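A, B, C, D and E are the chain letters, set down in written order, and residue numbers restart from 1 in every chain.
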Amino acid sequence: EGGKETGSAGVSSLPRKETLYVGGLQWGPPQNFNPLSTQASFPLNNGWRMPLLYETLFLYNQLDNSLEPHIGLSYEWVDDLTLRIQLRKGIHFNDGSPLTAEDVAYSYLLGEKYPVPWSATMTHIKEVVAADDYTVLIRMKPENPNRLYVLDSLGNVYVLPSDVWSEIEKKYDYDGTKIIQEFNAHPIASGPYKIAFYDDTRIVLERDDNYWGKAVFGKLPAPKYIAHLIYKSNEASSNAFRQGQIDVNQQFIPKVWTLWEKGAPFKTYLRKPPYYIPGSIPSLFFNMTKKGLDVPEVRRALAMCIDYAKVVDVAMSGYSTIVRPGLMLPVYHEQELIDTRTLESVSYSFDVDAANALLDSIGAKPGPDGIRVLPDGTRLGPWEASCPYGWSDWNATLEIVAQSARKIGIEIRTKFPEFPVWLNDVQNGYFDIAMWLSTNPGMAQPWDRFRAFLDSRNLPPIGKPVTANYNYGRYKNERVNELLSLIPPVTDENTLRELYTELNLIFIRDLPQIPLMYRPSAFYTVYEGVWTGFPDEQNNPYNIPPTPISGAFVKALYYIQAK
Amino acid sequence: MGNEYVLEGVDLTRYFGIGRLRFAAVDHVTIGFREGEIVSIVGESGSGKTTLAKIFLGLLRPSSGEVRYRGEVLRLRGQRERRAYWSGVQAIFQDPFASFNQFFRVDRFLQDCLKVAGIQASEQEARRIKEEACSFVNLPYHEIYNKYPFELSGGQMQRLMIARVFIIKPSVLIADEPTSMIDACSRSTILDMLLSLRKERGMTIVFITHDLGLAYYVSDRIAIMHRGKICEEGEAKRVIEDPQHEYTRSLLADVPRLMAEWSLE
Amino acid sequence: MKGATRVLMRSPKFLIGVALLVMVGGFVLIYPFVDIRDPFEMVGLSYEPPSKDFPLGTDNFGRDVLLELAYGTRSSLYVGILAGGIALCIGVVIGLLAGYLGGFWDNILTTVTNMFIVIPSFMILILVSIGLNSRSLLIVGVIIGCTTWPWTARAVRAQTASLRLRDHVHIARISGYGVMRIIVTQILPYIASYVFMAFILQTASGILAEASISMLGLGPYNTISLGTMLNWAIMFEAMGAGAWWAFIPPALLIALFTFALFLINSGLDEIFNPKIRR
Amino acid sequence: MRHYLRYFGKKLGWTFLTLVVAVTLNFFLPRMVPGNPVDAIVTDLVQGISDENRVKEIYETFNSEFGVDKPLWHQYLIYVRNLLRGDLGTSFGQYPKKVKDILRNAIPWTVGLQLPAILVGWILGNVLGALAAYRRKLFDKIFMPLSLAISSFPFFVMALLMLYLFGMTLGWFPIGGAYAFDVLPSLSWRFIGSVLYHYALPFLSIVIVTIGTQAIGMRSMAIYELNSDYVLYSKLLGLEDKKVVRYVFRNAMLPQITGLALSLGTMVAGALIAEIVFNYPGIGTYMFSAIRQLDYPLISGCTLLVTVSVLVANFAIEVVYGFLDPRIKMAQLEDK
Amino acid sequence: MDSKLLAVEDLHTYYRTRDGEHVHAVSGVSFELEEGRVLGIAGESGCGKSTLALSLMGFYFPPLYYKSGVIAIRGVDIMKLEYEKLRVDYLGKEISYIPQAAMNALNPTRKIGDFVVDVVQVHRPSLTEKEILTMAAERFESLNLPSRILRAFPTELSGGMKQRTVIAISTLLDPKILIADEPTSALDVSSQKAVIRMLRLLMRERVIKAMIFITHELPLLYHVADDIAVMYAGQLVEKGTAREVIFDPLHPYSHALMGSILVPDEEFMSSSRTIRTIPGAPPNLKEEIRGCRFADRCPYAFDACREHAVAERPVGKRMYRCLIDVEDLKERYVHGE
């Protein structure tokens, strides 16, 4: 376990022209290469589905919110509860054994037996069966079906070789916590790469020239090696990137345009602001149990006083458009789902005067120190606005929020504890205002975003951690719960639009959270000094999403070339 | 016999150091001082004179043995007992430059003496006492009262120390080499003052010195100290003229004199 | 005493040190009156280079660096003095007691002191800072003070132990003074100059310690200090952005401060420690 | 000799006591934090699981895995027992890695960077300080304020400035890491060269500051010694300056050794931050990320490691010092 | 060849204090030292004895500075010599020095034997280490010092041993002139006697040609010195043979000084002596003093004393520094004014 390890090839240096350097996907030293672990290291990190070692059935494409065939060739709903998946033939693991429907079923079921990244999905699934070697059937639980989650799982569940993993299961005596700790230094997987080397500063993958895709796609990925350099801090990583030591970087880099100002071969997906495509919505969370913060007008006034343009410019380096009320991303496939005109009635915008007027109207008068006091004597502040330390764009955002609030007589102080401390406080409800973001893009969006923010079913009381979703502020609304359970089975566009519009309406009216900006799910910044042909907005014939290495981005590896 | 001693040490021993380095700085010393007499304790450097003095003063606890003051064993528990003892037994130390708190003016120093003596006097009365004490030691009060000790000469400081004793009026004074740090010419002044203190007050004076000539000049009795032990004790004249102990004899032989030959063979 | 002032006036080190301190101190005290804006106010864009509006440019938050410096220096000074004061009090009290009482208490107190010296105080500082959920300048100063006292304690103890055997202390004892009174009137004045120097050094090390833990992100919240400025600059990649104005001025100010205090200290040292001088 | 042994026996006992205190502080201080670090690990796992019992179950499994469900004193006992077995526990942040393994990777880098740097700085500082004391005049006039100025730079500030100047602006040196991004550890010249090249800047930044601090101490020690009676006496007996100066340096150097022992704690701690600035894969960097993740076992491991090495170094220096300096030997023998 | 081994003429040296003031610790000292004589210098603490001793070595350390005057050894003014020549040919060999503070005179981290070797090799490079150590051991034994001391560190010695060690080292090279600055102050009387005995022996055997012996202990000086010079505030106020100066002092200060001698001696003490005292304190050497330096404390002083510098006045082979004539003075002493 641990320690240095050299792969079979015994690489000692990485020829620059054969190596694709990636960064920003792994910050600590490698912990394990176990696809069942939430702590797994590059390229298995939870949250990024990088089909380099293990692969998923389909590849999620964020550009159009679709699933592209990979191991799975196609899927269809046989009935309301059953999904049938057709697998590609001729796929084999790197030990030579074929990948079959059995393996897929086995992999799904691991999620039921043990706490693995797709365990949540399995709470909706009754069974996964191999109809034949190349057909898989997923049957949902009739009492708790969720189409969205099941679809999402197609791009999320790694397909593991069942024989290898049953051995591992046996080795640990079917003890889940042990199994997910298996280090798995030499993964038997179906992907195009193998682990060649790792230590605390880098993880190096080497191409498997026997990859099944060679026959299917007619070629292999271009880089012989993929190396992920591990930096201890953002600045170290971005400095390395500036020096051309990283080709594909997934990292927040302030003022990214300065990279190519002097003609250096850097680029982002979009050449102009916001440079990246939005993926989630960082928002201000209010603790609804705190006096003063439980007054909707106060929250609304706050929402109106924040200078969103400044948030975008100063804190986010312009990597967002100015946020609009509601929880929909400014992308076509989500905007389609709401009726903007209906929402206008509850909408708000940056307007300090209006915010002040609103507070005046509820009788919140400024005290001698300029901080307003509600008629019942509640002083509007000091409230602590917190987010984890070191999340620099967020830290800056909260500073702006605090500054803005002062202008309308609300006192907000910032606080940036270490992530675990912060998380613990926030989950248990020990906070005033916190900043957190919505769940990642995927097939379950935007529904999952609303679920995570607003679902109040099984909400634990203050003092017990909220873990099933992000409703840390303990917002409760029965109608929202109802709407959330209505959406998943719906396929009809119009019904969906109605439901989403209502959800947004309630959200904007109650404002349990204030969306602050749009954040890319991945900061995709590339250096083309060595490898060229990375997709961007103008030149993307293969519809490759700018999600570094993850999901459908893998296609890019076949098209890039060394200079 | 025990009763005629004002201050008395019985079988006093004091060890320093530990293990191999442990040694007795004062080694089973028994000595007593009668009312109104001057006793000199003479010994070379490191013979334990100062240590003995500190034991008598209650500044050091003896490893064994006891100090008796007016027949009672000294315990010094509690503030009251200490005050009582120290208003009866006082000291002057070797180095006048180190004996003063350099941060307090002379007047404050004298004022503190009044407090120690337990004199509660009006401002005028206090001033009178201070002036009297100063004139006793030939110091002009009005000139020095506002000075800091470091503005005085060594002789003046040592005289102030005597003024202190003059105010406190102890019955026993332990003077630990009070003249060793001041110049020869001022030395006699100090000695004379000590002598007149005794004359006026009947004070018992324990005079510690390494100088036999000095001891001879001032004292009634002399005790010779050597390596922590008192090796000879007796009438001053007798000790000098007819030394009994081997050490005393060699000491006397080795002291350079003016009239006698100093054999260097 | 008068001589000492005269010597001080002639010591170029002392004078330069004081001059530096006065300059910086003056800037810190006066500038906020000249420029009455809120230092937290985000007046520009991030990392604007020095210009007429912003003599030292802006930081990542678009705040005026010069104004921040004024407030940051103030906080650093505050922490330094607070930490120095606390360290001094603890150190002096422990040192005096250990040195004066001797024996058993000395053993106990010296052992504790030595422990704190050998266990790197910075480690304790880190551990405590992590443990605290809300960190203000006050708290940071207090914990720095509580972990950096042992040096002072050790030195004060040594001095006290030798002073204790001085005759004037004996005189005080046979004058019937109590322990506290002796310590305060007979010993403290003698080590006062030393204590003052220790205070200066402790202040310098307080400023450094604040900067260090702020650099690690364990500094006070909602506060501009030289350390947090550096921390922001690093966190927001001022270096990569070429925004030297965001981190060089605070870095230099920290060094300048320590330098000035060191100068004053060694100037004083020459006066109180004649052997050092040549 | 017996006394000498007894002295060191005592010293050893004392060192051990300090160790116990250090271990205890190490355990309790980070655990003053209100949060439960397990939450961070588990949160990812249970996201989206709506079945409450399931969530609870997972929580409990992990809580007992880390022992955080037991009362603190019990955890402490377990901690001490494990320590005695050489087990520093499992990292929270890099779960399921062992702290021991993490540290094992970091130690060579830290020791390799700091030991030479501090020693070189110490030696150079002493030599220069002594020279300044002896030469005085112009050399001292320039050197003295300079080293005073340099020593006023905290390690990390120096590291920062050097990184910016020589790494980012001038591009003479790499800007971080222990070796180039495109080589892998092996016994090749390329690798070794790369390691040395990356070593230069962090090494220099530590050396320079150490020189400054040590030079000042040495200078005043040497001046003190130069003024002492034995120097005068030796000179009056006609000894040549060279020899007298050698006496002086030796005597002034010796107390600096204790200085080294005592300031080791400060120096090591300071140099750890320099590691962070240079992204050097040493203990400092690990500690930094451990702090971020509230990884108690790793934090405790790092601080314990640093504390223990400082303790051991102190003890060793004390022993050696006694043999080098007869004055101290006497003092040690007389020590109560 | 000049018969005068050492001739000092109008020597002025001063200390520069930290606040830049000058302390004129030796101001205008002249004397001659002939072969075979021991010159004692007496005077109370702070009068400049040690400074004079140091000044005679011919080379100066801050804060002590040379101002003017001649120090001639056998007619050679050593103040005009190159430092290297002075060091190799004179220091330790021609003129040697026993420091007052023997406690700290030895390098604490060097074994005494090693130091001895260092010293001897400067002047006699031909000797081997072994020869030097044998030679040193002999000299040590004559001072009752065991030769194992050569292998010891100074810290392992007691104060008296250290002082004797220093004496042994200072005389190791058989210097022509020895300047002993209170060499016995830290010793008990019997060790003191042993030291004096050895110095005497060295003198008698003509190993040491002449000696300057400094102490404030007059009875001791009486036995050691042939001539005595009394020093007061940086000047010699009286010079004469030992007997003359002790029993028949001329200068009012010497007179008072001799009057304060106390010895355990029936005969001397009871010779109807009154112990004499002098009020006041010596003058501050930082200030320029115009008149007689003793004037403020002198019972016989008159106005002129405070105005004019007083020159040395020879009386036969004696000398004293006072405006009052010898006869006058003696008269006053008899009347005990």
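Simple rule for what comes next: a residue touches a chain if its C-beta (ideal position, glycine included) is under 8 Å from a C-beta of that chain, and two chains touch if they have at least 3 such contacts.
Bear in mind that the values here come from a model prediction, so they are computed numbers and not experimental data.
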| item | value |
| --- | --- |
| Least step count from chain A to chain D, where 1 means the two chains touch | 1 |
| Centroid comparison with chain E (C-alpha atoms), farthest chain | A |
| Pair joined by more contacting C-beta pairs (B-E or D-E) | B-E |
| Between chain B and chain D, centroid-to-centroid distance (C-alpha), Å | 55 |
| Whole-Å gap separating chain A and chain C, where each centre is the average of the chain's CA atoms | 45 |
| Whole-Å gap between the CA centroids of chain A and chain E | 93 |
| Sites on chain D at which at least two other chains make contact | 33-34, 168, 276, 288, 291-292, 294, 336 |
| Chain C: positions in contact with at least two other chains | 130, 133, 217, 234, 239-240, 277-278 |
| Touching residues on chain B, where the partner in the complex is chain E | 44-46, 138, 153-156, 181, 183-189, 191-192, 211-217, 237, 240-241, 250-252, 254-260, 262, 264-265 |
| Residues of chain B defined as touching chain C within the complex | 54, 57-59, 79, 82-83, 86-87, 89-91, 93-95, 98-104, 112-113, 115-116 |
| Chain A-touching residues of chain C, taken from the complex the two chains share | 40-42, 45-47, 60-62, 130, 133-134, 217, 221-222, 234-237, 239-241 |
| Chain D residues within the chain E interface of the complex | 228-230, 232-240, 243, 247, 250-251, 254, 325-327, 329-330 |
| For the chain D and chain A complex, residues of the former touching the latter | 33-37, 39-52, 54-55, 58-59, 61-62, 65, 92-98, 101-102, 105-106, 168, 175-179, 181-186, 188, 190-191, 276, 279, 281, 285, 288-289, 291-294 |
